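First chain written, first letter: the chains are A, B, C and D, and each begins at residue 1.
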Amino acid sequence: MTSIAVLGTGRIGKMHAGLIARQVEGLELTAVYDIDSASSQAVADELGCERADSVAQILSSNVEAVAICSSTDTHVELTVAAAEAGKAIFLEKPVSLDLAQVDRAAAAVEAAGVPIHVGFNRRYDAAHAAVQAAVADGSLGDLHLLKITSRDPEPPPIDYIGVSGGMFIDMTIHDFDMARFVTGSEIVDVFTKAAVRVDPAIGDAGDVDTAIVVLTHESGCITTIDNSRQAVYGYDQRVEAFGAAGMAVSENPRSHTAEIHTAQGTRLENIPYFFLQRYIPSYVAAWQAFERGLATGVMPISLRDGRAPLVAGLAAWKSHREGRPVQMSEIG
Amino acid sequence: MTSIAVLGTGRIGKMHAGLIARQVEGLELTAVYDIDSASSQAVADELGCERADSVAQILSSNVEAVAICSSTDTHVELTVAAAEAGKAIFLEKPVSLDLAQVDRAAAAVEAAGVPIHVGFNRRYDAAHAAVQAAVADGSLGDLHLLKITSRDPEPPPIDYIGVSGGMFIDMTIHDFDMARFVTGSEIVDVFTKAAVRVDPAIGDAGDVDTAIVVLTHESGCITTIDNSRQAVYGYDQRVEAFGAAGMAVSENPRSHTAEIHTAQGTRLENIPYFFLQRYIPSYVAAWQAFERGLATGVMPISLRDGRAPLVAGLAAWKSHREGRPVQMSEIG
Amino acid sequence: MTSIAVLGTGRIGKMHAGLIARQVEGLELTAVYDIDSASSQAVADELGCERADSVAQILSSNVEAVAICSSTDTHVELTVAAAEAGKAIFLEKPVSLDLAQVDRAAAAVEAAGVPIHVGFNRRYDAAHAAVQAAVADGSLGDLHLLKITSRDPEPPPIDYIGVSGGMFIDMTIHDFDMARFVTGSEIVDVFTKAAVRVDPAIGDAGDVDTAIVVLTHESGCITTIDNSRQAVYGYDQRVEAFGAAGMAVSENPRSHTAEIHTAQGTRLENIPYFFLQRYIPSYVAAWQAFERGLATGVMPISLRDGRAPLVAGLAAWKSHREGRPVQMSEIG
Amino acid sequence: MTSIAVLGTGRIGKMHAGLIARQVEGLELTAVYDIDSASSQAVADELGCERADSVAQILSSNVEAVAICSSTDTHVELTVAAAEAGKAIFLEKPVSLDLAQVDRAAAAVEAAGVPIHVGFNRRYDAAHAAVQAAVADGSLGDLHLLKITSRDPEPPPIDYIGVSGGMFIDMTIHDFDMARFVTGSEIVDVFTKAAVRVDPAIGDAGDVDTAIVVLTHESGCITTIDNSRQAVYGYDQRVEAFGAAGMAVSENPRSHTAEIHTAQGTRLENIPYFFLQRYIPSYVAAWQAFERGLATGVMPISLRDGRAPLVAGLAAWKSHREGRPVQMSEIG
């Protein structure tokens, strides 16, 4: 049983705390911390763990691991501090909006020799993972094309958009990770075609809400990602890998399977609307992977895996601004 | 190239004539006949073949085969005559409404030694055939259950119902054949639960329009058939075979594959409404089987295959009247 | 917040205790009891509640509700005692194997005036519920046919079969409830065709493992149920309602949505194998309904709803023995 | 009844002749011509029409319409000649590999005032057409993204590749047309990422076999096309339109609907392999549209619709060579 504390009890941190406490064998939630002590107290009460008064209190305790779920701008500071305190680390994405900061975190983690796992939960979605497996086991032969659809049901608050790093870093970062995960090959260049179609206020905040991103990989595979901030029919998440020997597709699950057939046609329920309806099992599986990683010493998603999608996101922005394909090597 | 004439150019005969003339290699439509000479003339003109003035003219000609597509009450007479004239015979279902008449036809065919093929087209539907193949090749292990759904989009004219032999002989006969085909095992007993739910006029005509039929086979397999004269969403034809090692299902094809996803849900087109939309390829395949049967001397669907479903239909009526399972041996 | 204790911490009781403790707002798990105190201690430790030494200790405490999840032969005794103690009751199916006992429980509950909810969880499956809703809201018009498929992935231990009441009471009871739920109409008669096809040892234990059951409802709707103790491809649970204005179908959800297309064909993952993979959300929803029922005073699934499927199960056995349709009124 | 002659009886011309003769009401096939007189004689014999000795013989006859199905390099010459002879014209795609030639054909057709219909059959596929209809009728709101998948099951002969204009003009031309058809908006710029992944011999012939093409439309919609010359699982043709109010998808139909579920998983038949299995109904519908166009004087697919995809194809090649987005206005 590994003891773990959660830093940050906002929406995502609260979810992680609950999953650790209730659904993951081998992990024990011992404490939570948030700058909003009412929030952390409520979580502590509900889950039966301690509420810490400070990060320092947690890092100086004998807790073995921490989950860093606070706002992005605090990720690197907390990662460095946790590493120096010798804690195993589960780090929410994105690592940072700034490459130099990612490198600072990486240096601290390497120096301390602590295990770290970056929380790209979608790798643990059973259907996406089956697509990756079909690539990795050779069922599809050489991979020629990868297509990722990733659309949110509705945009985040405009206030959030300003601090999010923009769509390519806030949202597409998951897709860049998926592209690396499924292809098993690094991204070489990025071409972006993006627009503001959903809400002009998103454009006023300096962001885009609709985009096509085309990637070339070292292997020669070409990936397309299509993003929208607003798919009114639900949270649309699909992956399609096409190769010399076949195709593997991960479709959206249905909310439920009822079909109504009348003289007017056939009606189905829409796909799930909220990301948690779709991805809770993948979050649980990510925690199980973390727990196994502590035991085996091998963490599946490293800080290097946290860095590459950020480079791709920065390249996507540059491509958008300059209207041309951008090499990953131009970014860093 | 085998020459063939079509007897009867009503809806189904006209269809067969067109398929022979245009879509079946190895058969040549040479003549058509119908008591309504305007009907046969129109078909002859459209398809570029001769219009015969009488059945006798066709049977005394050197045509090699005949397709008997006239009304059910003429089937046996024409079969006997065609057999005596030495013609190969394609016979539409049902052979007759009367078992003694079926036996008379069988005797004549046997005496003459002519090839005969009964037109249970659904055996040639690619999806149903794949279910049968999964049973026959052992993929499903011993067969435990078979479920057949067979629903028309709308009832036939009330006039027709009176001469049709009723639902169990007019409509369920296809399903009895399917049950024998998929299981590869004779029917032992029949239990029926039926009602008039669609249209009281059907009841007034002495028929039912909604039914469940349960069959036991020699192999121990239990089959259920569900029938309705009116599925407002389309022509619903499904087969499900369940065994010790798995299940094979033949679903309805879709009219087309477009899906519309909006905030109000997901909409699909209904399944095809008319039986020809669904089963034209199976009619063509049945003709190809007939043509191969002429070459090989082995016809896949014999008069015995035409007789057994009639016995089951009569047993179904008896079960309906008496409210108990009826043995096939009680009928004949 | 309503306090609740769980009686019986076997497989199903342990599951209920966990759901109450972790996933249902408004209920608080305060104690568990089992004759196997090691079992109840383990559950108490894991969920952070008290382990009671006896049922009496729980019934004499101020806990407001009890969940009766012990073996079937104890259900009525515990129901009567809980009612007399004034506790609200959640009762696992089947209520009993004996109708007189069910009536004794009903009398005690009525005398005490306590709320009781019988645990037919499948009514709360979102897809099945959508089928029921399509019937209830008139989308399908008058209901003509209902088809229920209910197949387990593998048989229970032979030891269990002997005390289970047999397939029609242990397993089909859920389907009888589903038939009453979806049609909204009482069952009038039952016809059964059943066999031992999966394992002769099941037959030696006096049970069957493969069955078709045909029901007639007061409304005129005809229902078929098909059951097997062993569907090697997974836990197969489907409902199809067919009426004058259309059809509603509840299909099996998929384990995940990946499809692999190669030159050899297309492969999908099988449906879930374990009933908990399929029905956990329905158990949670059943608890939420219980909690709402406490607030509103209206429990959706009464002891009368617990009784009717038992009558149908007994009728199914009688039909199986006698080879004829059996009226519900012959049973009680 | 409009008389029509077919020029060119290669694979596609023979198909058109057969469809006209057998499946299109209102058109009468009167003659066929091919430089290979054995080919045209065989078609004439099979379909019961005349074999012409020359194009001139046809154009000087009183036939009302011609279908130009000969090799691409003869299209413009024949179009000009047919226009000057006052014939209505059905013209196979692509019009030409050369824009100046397309313009010459257009000038001749305009001068003669004859009706002309370019054979982009896919517009008449029922599922693709339903996607277009959902866009056109506003069901999807403003269109944001369009995704077209178009993959052949296997490459054409290398000899053909050399005279085909390359993948973007031979194959993607259908997708450029689909993009214009579904969006109802002209293409503004084209970005291509392409490679040789299927067969190095294709690269040696100066062509590519795998590509992503990104289009921007005047409306602001962004389209992606993904092409491969070899999808081993079949002829993969899909369209997905995404807008402010929803998504419409046209999926691949299945070859047949049987599913086999065993302990090893679920198996489906692959999608159709040959383009005719998929698109015969769309060819028939295109002919019906031609026949209606003769009656109404409005042809749905004009020479301008034939020209725009060629410009896009040339822009795609330029983008491929130069590694940058290319404006349509750079081409002509």
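Remarks
As a convention for this text, a contact is a pair of C-beta atoms (placed from the backbone, for glycine too) under 8 Å apart; a residue touches a chain by one contact, two chains touch by 3 or more.
Not measured: the values here are computed from a predicted model.
Looking at which of A-D and C-D shares more C-beta pairs in contact, the answer is the pair A-D.
Using mean Cα coordinates as chain centres, the one most removed from chain B is A. If you lay the C-alpha trace of chain B over that of chain D, the rotation comes to 180 degrees, to the nearest 5.
One finds 41 Å separating the Cα centroids of chain A and chain D. For the pair chain C and chain D, the distance between mean C-alpha positions equals 57 Å. Along chain D, residues 232-233, 245-247, 261-263, 269 each make contact with two or more other chains. Taken together, the touching pairs cover every possible pairing of the chains.
Touching chain C in their complex are the following residues of chain D: 232-234, 261-263, 265-271. Chain A meets chain C in the complex at residues 22, 48, 125-128, 130-131, 134, 139-140, 245-263, 269.
Residues 142, 144-145, 147, 151, 191, 193, 195, 197-198, 210-212, 214, 216, 220, 222, 224, 226, 228, 230-233, 236, 242, 244-247, 323-325 of chain C are the ones touching chain B in the complex.
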